[in-house]
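What follows are several structures.
In what comes next, subunit A is part of two complexes: it sits with subunit B in the first one and with subunit C in the second one.
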Partner chain A sequence: MSEATVSLRLRRVMFWSGIAMLCAWVLVPIYLIALGAFGGRAGVFRWPKNLLPWDSGLAAMQAFLAVEGVWTAALNGALVACLTMLFSLLLGAPAGYALARYRFAGQDAFRMLVVLTRAFPLAILALPLTVTFIRTGLYDTPLGVALVHTALALPFTALVSSSLFMGIPRELEEAAWVFGCTGLQAFRKIVLPLALPGLAAAAIFSFVISWNEVFAASVLTVRNRTLTAYLLTVLAESPLHFRFAGGFLLILPSVIFIFAVRKYLFAMWGIANR
Partner chain B sequence: MTNNRLLPYLLIAPATVFLVLLFVVPLVQTIALAFMDNGVASLTNFRKMAGDLNFGLSIGNTFLLVLAVIPLQICMALVMAMMIQKLDKGRDLVLWIWIIPLGISDLAAGLVWLAILQDRGYFNTVLNMLGLVDGPVNWLSYEAPVSLFVGVVLAEVWRATAIVLVILVAGLQLIPKEYGEAAEIFGAGPWTRFRKITLPLLKPSIQSALILRTVLAFEVFAVVYALSGRNFPVLVGEAYAWQHVNQNNGVAAAYAILVMAISLAATVIYIRALRTPPEMQP
Partner chain C sequence: MAGIRIDAIEKRFGAARALEQLTLDVEDGEFLALLGPSGCGKTTLLRIIAGLETQTSGRIFIGGRDVSALPPRERGLAMVFQNYAVFPHMTVYENVAFGLRMKGAADAEVKKQVERAAGLLHIEPYLERYPAKLSGGQRQRVAVARALAVQPAVLLMDEPLSNLDALLRLEMRSELKSVLNSSGTTTVYVTHDQTEAMGLADRIAVMHKGVIEQIDRPQALYERPATRFVGGFVGSPPMNFIDMPVKAGLARLGDFANPVSTGRDTITAGIRAEDIAVVERGGLPFDVMVCEPLGSTLLLTGRVAGQLARVAVRPDAVVAPGDRLNLEPSPGRIVWIDPANGKAIGQAA
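Moving on, here comes the complex of A and B:
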């Protein structure tokens, strides 16, 4: 073997071990919190720890889910996230369509408003909303939290859907008009089916944004907490195994959703940042 | 067609009204809350904020965190993105694994690293197996500020590098392959190609990643809270505490204004420093 092939091989080995190490860097912590979540009270205090899942069982997770308030909080979180998904799509997609298809006065101002939201830590703006929400009856309701989360997700949805619609040739729509479709029909029958997968991905991403948001959710609720807000507020007085089970439950849906949208993520971010 | 001229306005109207109600109005209200005391304009809230014991600490800690986390994340994400470019077999799988943390909240990331770093946790178990420690060591206590800081940095890097990676990979896809190939023909090595071609063309993506991550990094609080409670005060954590524990939303708003001012300043600096002339964009 010549020296060149040896060094080439060495490089390949180094390259692949780098990849493997970075994969482990992501996956091992998730594995470890799963161990903590399924290990229960006994597992938390065990020293030294068993790094293999021999002491784990479903009992610990069942006990966590049986704790008063956990299920309600999880359902609340899911409800808020679904509302956020719905609102940001209903408000964002039309705006994205307008940005993609029309030139109109005020277009740049609108785009500016949307982009500007990114430079602000939006969740903190929930602080003064407590007063407004108490007055309007939105305080401590899933709807109220969903509204704030929509403000977080909407700019993203609007920009992503604008680029999605831009990618669909205008000629297709015009052809439909020629064949006698109304504007709405052309949109529904031609544009929407083509944009749907991308829109779904953006919607799922809004779900994740909402499910994970903690500051606004815990400032705006007292009894109807989302899971994230619930865990944050009981954190200080809850035992470790309870926290780990909660952390694992928080991670689970997000990982599944990211898997579902993985194909679209790159296209979405690539264009949303232009 | 009048109908067509009105249509775009009808389409953006709901989003505009919404953003005004839930972004512009609360923004103005936050400013009012922070600069008012019993209905009169005053700096009382800011004085109270600056007079608090945790104030200086939380500013220092937040900046230290941002300065440690952001450069580390950009470098790691750059390395990962370049590795992904070279990969053809298993690219999708590796990419998916690397972006899993994108879906993980800061609170959950804090809890994950709490499981690892707590005194009877997995990190100490491994150290014990290697014979480096005899019993549980507390890495996250008030008395161990350095290891606590490192713990927070680890959790933040673990969680939020994925978003930088996504932005950079998306940016790399926009760079035409021909540029690199041409440079290779002229004898440029991989490092020169990376420095002279990839990096400059990637500048817009790096800029948006920096802005997004920095704004979010100044908002950090749940990670820290999960790992250490209030042992490691940060700005938004203090805002949360003033709102929840002290029930004083004036001072909380003052903190919010401070965080916003810092985020805006950072954004402006990035836009200035990383400006790309239009003729240099891919």
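Moving on, here comes the complex of A and C:
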């Protein structure tokens, strides 16, 4: 065997083992959580583990869902996430459009600033936010949490939609103007239909961000907990299988949604999606 | 149908001047080509006519109406873009119908006009397809059909053939000409390809660095360029420019002499490659460096008194690199150019 083929084979082994490790890094915890969630009290402590999570049936999951407060919290979480999705799209998509289409002073700085908001630790904001929210009556409301989550999701929506709009040739819009459209009509008839799948992906991504967020949700609510915040408070005094069931329910929407829109999220990081 | 009047249009991008005080009249039904190298401002001018770009100063009239401040949709024009800009999420039919639908035309009228335009451009078989399923040439036809379907007073075209391959370009060129001839639409056509401009246009405006160097009929432009730039840009191979010393009213080089009227002691002779005859003796001494058989002619590249020159001779001429030939330019076809400002002498540039 020549040196070249050895190094080629070695590289291939490295490549695939890297992929395997990355997959395992994500999939093994999910698998273990699923085992715990469906196994019930017995399943959590059983050793060796069952290979399939659902061989002990859905009883454990059903028991978890029957606990008081879980459904309300889940609905609250969904409501907050939907509001976040709506707000971040309404605010982020126009920002993205402006970033993509217009040249203005400080454009690059603005782009950077948008990302930098994510670097700002939320913990520092917790107290002033709480105080402000109590004063304005937003405290302990889904709307209040949704506003904070919107602030968190906005950088993503703005940047994703800006790269989306950049992918739509300006000439298409100009052609629409020439052939009788106002600016708004051209946007609605030409740009929006072309950007819609990507915008949907950005919206779903902000849904997931909100659904998973726990800190702001815990600090800013007392009775109207989202699912994450609710679980955080009850987990400490719950049996292990209960925690697993909660964890599984939390990651499920994210995994499904992200899987559904993965193509567009790749585009967001500048990797071509075709 | 309408003429276009461009009145002292100026465009500045910051400190840079893209267009300087440009005035131009396009007659009703005329096909005008804006020809120039990239960055000469021709596309900017077209986009200002379309209303996609705003002029820094000056006015635009279409059919006598001042449209300077109107948005594109109110200017009564249609445009064909360089990258076609057909809407990918609409069928060919809906693309062609787009302008009519925006005008609120009735379905019967839309159908009639779409079929007429589709017939002109031979795209009837693709009407129900999406643009992604079409080749570049077919998309180009859709873009032209979309423009013609609205029966515009003015048609603007921005290098519409430059994305096509050479053979298709030639085919589309003659087809465009016949379609536009029969429709009689006033057309402004931007191109950097001088053969395209020569072949299509009634008149050509040659632009350079934001000004119009010359505007004239293609043949006149070719034979009597007003400036050295026009002579060098229009025609292939470009015009030869040979500097000659002037003494006592005679431009003289080698055994060639010709009376000229200039106060300077040097003059540039602009001579087309095909306006030169090879003679037995006398004339300009020409040292052949390269011979290129082009089929219809044999193109010789060489030097006249150290200056680069190209000569087209009969394809069966026996010439080899290193030969010295004697050239006799036909005197009536020489364009005398003032070397100081690059303008032709005896012509208003």
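Assume the second predicted complex is superposed on the first by the 220 of 274 C-alpha atoms of A that agree within 3 Å, B and C clash if a C-alpha of one lies under 4 Å from a C-alpha of the other, contacts with A are read in each partner's own complex, and residues count from 1 in each chain.
As a working rule, a residue touches a chain if its C-beta (ideal position, glycine included) is under 8 Å from a C-beta of that chain, and two chains touch if they have at least 3 such contacts.
Since the structure is predicted, the reported quantities are computational estimates derived from the model, not experimental observations.
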item: Touch count on subunit A, higher of subunit B and subunit C; value: B
item: Which superposed partner A:Val178 touches (first subunit B, second subunit C, both, neither); value: second
item: First (subunit B), second (subunit C), both or neither touched by A:Ile251; value: first
item: Which of subunit B and subunit C A:Leu194 touches, first, second, both or neither; value: second
item: First, second, both or neither for A:Arg225, with subunit B first and subunit C second; value: neither
item: First, second, both or neither for A:Pro169, with subunit B first and subunit C second; value: second
item: Contacting residues of subunit A [partner subunit C, same complex]; value: 169, 171-172, 174-182, 185, 190, 193-194
item: Subunit B contact footprint on subunit A (complex, rising order); value: 15, 18-19, 22-23, 25-27, 29-30, 32-33, 35-36, 44-49, 51, 90-92, 94-95, 97-99, 101-102, 104, 106-107, 110, 113-114, 117-132, 147-148, 150-151, 154-155, 158, 183, 208, 211-215, 218-219, 228, 231-232, 235-236, 240, 243-244, 246-247, 250-251, 253-255, 257-259, 262, 265-271, 273-274
item: Residue numbers on subunit B that touch subunit A, as the complex places them; value: 4-5, 7-9, 11-12, 14-16, 18-19, 22-23, 26-27, 29-30, 32-33, 80, 83, 86-87, 92, 94-108, 110-116, 118, 120-122, 124-126, 128-129, 135-136, 158, 166-167, 169-171, 173-174, 204-205, 208, 211-212, 215-216, 218-219, 221-222, 225-226, 229, 236, 239-240, 243-244, 249, 252-253, 256, 259-260, 263-264, 267
item: Residues of subunit C touching subunit A in the complex; value: 50-52, 71-73, 77-79, 81-83, 85-89, 98-99, 102-103, 146, 150
